[in-house]
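First the structure, which I've put down as structure tokens, then a few questions once you've had a look.
Order of writing sets the chain letters: A, B, C and D. Residues in each chain are counted from 1.
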Amino acid sequence: MTTQPLGRTIRTVKPIPQARNNFERTMWLFMRYSGLALTLLALTHFGYQHIIVGTQNITTAQTVNNWGEAGKSINLGQFAWRAYYMAILGLAMLHGMNGVRQIAWDYIGNNKTAYTVFMGIVVLLSVIVTILGTLALIFGATAK
Amino acid sequence: MAHYHQFDALVVGAGGAGLMAALYASKSVKTAVISKLYPTRSHTGAAQGGISAALGNIEQDKWEWHAYDTIKGGDFLCDQDAVDILCKDAIDAVIDLEHMGLPFDRTPDGKISQRRFGGHTNNETKQAVQRACHAADRTGHMILQTLYQNCIKNDVKFFDEFQMIDIIMDGNKCNGIVAVELSTGETHVFHSKATMLATGGFGKMWKITSNAHSLTGDGPAILLRRNLPLEDMEFYQFHPTGVYRMGILLSEAARGEGAVFINGKGERFMEHYMPTLKDLAPRDICSRCIYQEVQSGRGIDGKDFVYLDFRPEHINKWFEADGNPKRIDAHYLETRLPDIIEFARVYLGVDPITDPVPIQPTAHYAMGGIPTNNNAQVLADESGNLVEGLYSAGEAACVSVHGANRLGTNSLVDLVVFGKRGGIAMAEYAKNASFHPINKETVHQYSEDSLNAIRNSKGTERPAAIRKELQVMMDEKVGVYRTGAGLRQALEIITDLQARFKNLKIDDRGMKWNTDVSEAWELGCLLDLAEVTAAAALWREESRGGHYREDFPNRDDKKFLNHSIVWKNGKIEIKMKPVRITRHQPVERKY
Amino acid sequence: MKLHLKIKRFNPEHDKKPWWGEYDLDVEPGDRILDALHEVKWTLDGTLALRRSCAHGVCGSDAMRINGRNRLACKCLIKDEIKNGQIVIEPILGMRVLKDMIVDMDPFFAHYRSIMPFLVNDTPLPANGRERLQSPEDRQRFDDSTKCILCACCTTSCPSFWARGEYIGPAAIVQAHRFIFDSRDQAAQERLEILSDVDGVWRCRTAFNCTESCPRDIKVTKTIGEVKEALRTGVIA
Amino acid sequence: MEGLMTIVKEGWRYKGSGNVMWMAHRISGLGIMFFLILHVFGMSMSFFNPALHEIMLETYKTPLFAVGELGLAACLVFHSINGTRIALLELRPEWWLQQKKATQYSLVATVVIGVPMILIMAMASINHFVK
């Protein structure tokens, strides 16, 4: 008779980065974590700007006030605003781009040309806009 | 123009028997499987309770005991050398299945778990023994899946949703089959060296049945048409526990786990009939006892059904009465019998944990079928001549290991043991044989003509109406109880139905997925098989196992310790084949 | 009881587009929907085509959309589905319709085959010629996924599968789970790699339609989640 | 595109909770992404071209954009709450058995948070136009 300790067997597989395709897994995780972070960031942003301040009251002057003026030194509060928006900008763009990629893959993934062209446009547009936004956040708003 | 294919070994039917044969044949020769259903839809998947093997994992057991139980259960009509093979090989077969990946339930020490089943006993104490290996109550499902998985692993070629219509015979040699591809309606000629028919049972000739709509006995019926005989067709098993009115099976495993029958007076009536095994007596006996209760007005509310009671507290009460120390609870039943509990809930709206379940006997299993030897080779007559290149296994075949009544769980054993032997025999044969020439231009003509005849018929009789009349009549006259007068009437009615079958009303004249035509063709098979069943039942003037004649209530070993071999060549012809008896002389059957 | 049955019909041999067949029947409330379909086929219109075999929910032949959700026709009773005297029947979604309720199942089985649906264990068999041992707890671990009858209810209810037929689909993942979590199996690595492809397990968007539609009550989404977890952590527990 | 057709023609009629939530999540996500690109472009102009920035801010105050903003609010609230549901549930497969409840809770939360928000915003822009 074999005697073998019986109970629950727990096995492991090779470290997952060696798996054939790790990209989808990374993006999947990123979508969850960035999504959770964005819930906090984006909702507070939206709540503050659209409800507390109100869209009708937003002006360029206010932006200058929040972000600090380009070329001038900034205080801690203005730095916080910039960091906050930088985080939203980065996370939301990556999150959104990947979301669009998933959707495009679903519907036009079989047509390689259409898929590449479409994603090319989306990525180009997003990247340009992100760079513009990042520069603005680095240098600050220009006073009129 | 028909499509043409060539394979060394050809298996028709992708149930347990067919897949097992294909698995073993494909290890050495080019093998294909043809099935009218996707393999995983075969009715083996419906088998619930278990597969027996004297593993002795829980209590002492011997394959010799298994063999004796099988022979006694079969009312001494089994060929005893075949039974020895069945029960000895069962052990290896079950272990083999485990190695292939079958997820059997386990004992605490990690071995295959076993449970009780009707008619399985410890020959010394005469008490029920735990012999049925199980995977919850879906053992057949797991066997079918495991075998299909291993066929995929072995790269077996499958022709799914191809229906066999004819076999290609040349004298006494089988050279393959003709099949129709259901999705296109085109015919395909399959040319082979060795061919196996594993097309399953034919329970659809009865109305109350546990059998699938697809179980129409195509294989045996085709052989009858090609002037080959069938064996023991009068022996058909009626399972005692079918869901009332629907016939859906509630496995004997329920009684293996402690359920009992209850009549209208609330009595556990099996105690009066079979004092030792009680509710675990073999199926033929239980079915008859239920009928007797019903006949004597002790059905529930005087109606034609009784209860199967597996409420946990009641089971515990009976365990106590029987001196069995085991105690169970609802959770235990839910894990051991999840599916059949669900069947009762879904189809009857009855929760077996809190209420008794109405049941009635249901047509279940064909002990008879295509006569074969112990290597699954098809026999051409009563004296043991072979049909060259033709094999058969599973419920379609009759080895005969089940005799006059099959013990629960023995069918699955039959599939794997004789499926494997057949597969190996086919490969051996195919390796040494060459392809026998066939006439590619004409072999499929008969099949096409017979299907087109149905497709283009402009009569008035709906096939479904004929089928229904056949089924209702068979329930009444060729059921658990039979009489000479009833059987003669049955034969007359069948002849009449066969005449009406020539005047069919068919709506669908298309080629693609024409299930109207295929169902009608299947009805033709059922009619032929019903005819030989009734004829053989009329011929056997005794009562034995699943065959009970009210006008001949006793077993008659002098005259009928023989298999019946029946031909239908224009008219019915019945011959006898002696039963092979080795160690066990017939005795009276008591439990 | 009166039943008005609306069936989406399509016969490739003479229809360009699907059409609604409407049938009035007299039925028993406790009958299966399959019985009603047979009633149509056997007494009103023999051209109606559907797959069926076991008639009690264990073979997986007759998946179809009943009142807009995937069900086995043989496992639904008329009284439970009938609404305003009517039941609507359509073929399952996302597969090519061959005729009436019959769809092309080949891609479905191709996905099934792609995940190596068989036990792989190259270690020597036990020397005593007996079974490999497995504890009841280890056996229980994958019990749920062994119930699958490959009916395709789940896969064809999945919006991600509708969107992209290449998605391997919940049924194939359930089958992979059955082997990945079997303590006797040794090919978990390979299967997980196959499942980590673009059209593998990460295509699952946690829609839960699969779980809701499984006639065998398999917790499909949970099963998929366990595969994802194994893929995330590298631990199969 | 075949997949899109399946969903547009038939999928939306399917009676499962999941596909509707799935579609709504997609559409809302796409909506947010569309606005985000526009919005970031506009905000970046505060550095590159303050005049354009001013124009963009004024455009947000037109009736068309006021309505669009309400849509954006709905998208954002639904998408973030539903996204949180998915993300949290998926971290623990055991929790998936609670999905029916989770779906109900997140729908309720969407309404509880979203409706007042939209009302406040709608009131504010109506006030603005009336003035």
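What we mean here is this: a residue touches a chain if its C-beta (ideal position, glycine included) is under 8 Å from a C-beta of that chain, and two chains touch if they have at least 3 such contacts.
Predicted model, so just to flag it, every value in this text is computed and none were measured.
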Exercise. A-D or C-D: which has the larger count of contacting C-beta pairs?
Worked result: A-D
Problem set entry | Chain of greatest Cα-centre distance to chain D | B
Problem set entry | Most central chain, Cα average position | C
Seminar exercise, completed: The distance between the C-alpha centres of chain A and chain B, rounded to whole Å, is 62
For this session: Determine the centre-to-centre distance between chain B and chain D, using the mean Cα coordinates as centres, and give it in whole Å.
Result: 60
For this session: List the centre-to-centre spacing of chain A and chain D in whole Å, with centres computed as mean CA coordinates.
Result: 16
Exercise. Cα centroid separation between chain C and chain D, in whole Å?
Worked result: 33
Seminar exercise, completed: Multi-chain contacts in chain A, i.e. residues touching at least two other chains, fall at 4, 6, 106-107
For this session: List, in ascending order, every residue of chain D touching at least 2 other chains.
Result: 3-4, 86, 90
Exercise. If you look at chain C, which of its residues touch at least two other chains?
Worked result: 133-135, 138, 160, 163-164, 228
For this session: In the complex, go through chain A and note every residue touching chain C.
Result: 2, 4, 6-16, 19-22, 24-25, 27-29, 105-107, 109-110
For this session: Over in the complex, which chain D residues touch chain A? Could you list them?
Result: 1, 3-4, 26, 29-30, 32-33, 36-37, 40-41, 43-48, 50-51, 53-54, 57, 60-61, 66, 69, 73, 76-77, 80-81, 83-84, 86-88, 90-91, 117, 120-121, 124-125, 127-128
Exercise. In their complex, what parts of chain D are in touch with chain C?
Worked result: 2-4, 6-7, 10-11, 13-19, 21-23, 25, 86, 89-90, 93-94, 96-97, 99, 103
Exercise. Residues of chain C touching chain A in their complex?
Worked result: 126, 128, 133-135, 137-138, 141, 160, 163-164, 166, 183, 188-189, 192-194, 196-198, 200, 202, 228, 230-237
For this session: Please give the residue numbers of chain A that touch chain D in the complex, ascending.
Result: 31-33, 35-36, 38-39, 42-43, 46-47, 50-51, 54-56, 58-60, 63-64, 67, 70, 85, 89, 92-93, 96-97, 99-100, 103, 106-108, 111, 125-126, 129-130, 132-133, 135-136, 139-144
